[in-house]
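Sharing a structure, written as structure tokens. Questions coming.
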């Protein structure tokens, strides 16, 4: 009987010690981990879009509740003015959902850049949407309040050769982002004041 | 149980054939003919096996050099390989990338004449 | 036949080097050694877990009842593995992405459990730490060597830098799963060849 | 009193020593195999010229040298005299395209001799056919160099220089209509140096069968397996699956049947197991060609059947006198 009690006590103490240690370490690293994930998954696209900004957009970020989900917005400060945000929309490509980071200038409602963050398109064909700068550059300067389309659908975006589905998916994603922007513009404008 | 004679045969075989092998690799390295017979274009969508000879000879399709190699129009004499100017990722706005150049060249002609038009009839694994 | 502290350390580098001498912990050895970087990262993670778990097991060896010792070892090891995982996420995120599932799998790595059971449970904390450190370094060396061999021939690079120049056509078999077995086997046989003088 | 008439005593009489060795040695067997393969190699050399000579001779010599070096390094007896390394090199060279680069040949013979054979303890101890192991490993690594269409694209002959199996895989049955059995047997197809001349391979195989060096059970059951499986596929959907002729005479089928599947230590020894082994390899070959992703299935089919050969050998007649 004593033996069983000893076993139980030792295991319980050990487990609670381990649980406590892990909780402490998890609490200590949580912020850092979130930052790292943003840097490595979304960082390249964000930095591309907000090229030339004087701050670190991954540090200067805020969240807005949009219905049930919380969306992250990354602030870019240009010439001392915080007037640009980058945020993510979702489009459906050839190989599944694609995450698209879109940067919008809130003063004139224009898209200043677009980048693909996550995708599972065919390497070398659809993946050009992420790797070939020519394609995303076409989105620069478009109005962020109108839906965008590829040329075959009556829009003004040149599709990537051999990857129409991907190109269309990117346009859908950008349109999705513009809708989010239209919906949340008041909150964005309000929140962004904090970074001035 | 290996006799000396067997060993000698093996040594002899190894040395003679090594010399023959090295010599034939060194002296008879396979040179590409002046005019390619067949070409293999490599790309992501699957390699393309292009029978150059059948496209050019009279008994084949009898296409003249300058029909495809458009550098000849500018007065040059040697047809240049397509990849010479049309690079996979073209930086120059005026020069088509390799994919676009081949797609326009091949598909256009295949549609006018009677070539295969579906992707998988040229792009094989 | 008591060993000196130095001997406890050096045995892990040759005489009992895992996975070549103690053919233990083969799962990460075969799976993550596609490149030197992965091998080294995995090795360092294992060193940390081995040293910490050996120390703790050795300190608690008189308290842990022998009937539930394996459960206790696993709790201790799992704790440190999660610590490593969290730290790696926070400070070496790209490496974490590459090693992925194999970091949590250190929990069931036989090398770690084996040292806890066979050494730390029977020896004092100083010796156990030295033993864990030695075995861990040996493990790291093996993984790095295997990773180097496979990366140099399988993708023509070393730490991501090109070794043979652009004309090299990589021996892709080496970075695939069967290549790992063949490489491991060849290195094992080479070590036996060198050992049997 | 025991009834002596029950046992036919004559059958158990063994004559007195001395016995007489009939002179057959491992090296004789191996040089006979070389002789049998010669016609196929010669035609390959006539077609592909000096590069083919280079590949074959470099392959044979480097295989012998690897064996010599390995036995030296591991301080074992020198076994290159038995000719087994030379045969490995020769068969390996026969499977390569004539344009194989020198490093591919040397690396391939290393894989064949060291990893395929010597690691397991040398001649007679290898679980797989060393040549097939080497070809499989290299084929996975350098697909392009083993793509006969690409490798032989600079050769211009008066027949269609297309690798029949690749054409079949990529363009369907209609693409191989132009191949007839006669042309295929005469080597008028693209392929490995020594694997296209069907007639020469068959002649060599028959010679080896008559000399008792390879077992007819394996070779014939392999061909029968290919033939029957291809025929069944062809009968179910003749628009998608080619007939047995192309499967029998193109690719590595014939060299596989007579020279690769019959390798001594990796194939079974009893009658029924040999039949199962051969038919299984033939069946898998056509299965991989028709359904799998690889153009030719002979290599992987033989490897898989090598794996089963010790199991197959468990099927054997009961020992006399043992109770059921």
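Quick notes
Read from first to last, the chains carry the letters A, B, C and D; within each, the first residue is number 1.
FYI, a contact is a pair of C-beta atoms (placed from the backbone, for glycine too) under 8 Å apart; a residue touches a chain by one contact, two chains touch by 3 or more.
This one's a predicted model, so the numbers in the text were calculated from it and none came from an experiment.
Chain pairs A-B and B-D differ in how many C-beta pairs they share in contact, with the greater number at B-D. Centroid to centroid, with C-alpha atoms defining each point, chain A and chain D lie 57 Å apart. As a whole-number value, the distance joining the C-alpha centres of chain A and chain B reads 45 Å. Distance between chain centres (mean CA atoms), chain B to chain D: 31 Å.
The distance from the centre of chain B to the centre of chain C, with each centre set as the mean of the Cα atoms, comes to 48 Å.
Multi-chain contact residues, meaning those touching two or more other chains, do not occur anywhere in chain C.
If you sketch which chains touch which, the chains form one closed loop in which each chain touches exactly two neighbours. Chains that are in contact with each other form these pairs: A-B, A-C, B-D, C-D. Against chain D, the residues of chain C that register as touching in their complex are 169-174, 176, 178, 182, 185-186, 189, 193.
On chain C, the positions that touch chain A within their shared complex are 60, 63-65, 67-68, 71-72, 75-76, 78-79, 82-83, 86-87, 89-91, 93-94, 97. By the touch rule above, chain D contacts chain B in their complex via residues 25, 27, 49-51, 53-62, 64-65, 68, 77-83, 85-86, 98-99, 102, 144, 147, 149-150, 153-156, 161, 166, 169-171, 293. Against chain C, in their complex, chain D makes its touches with residues 73-74, 107, 115, 119, 137-138, 140-142, 145.
Note for the complex: chain A touches chain C at residues 3, 6-7, 10-11, 14-15, 18, 21-22, 25-26, 29, 32-33, 36-37, 39-40.
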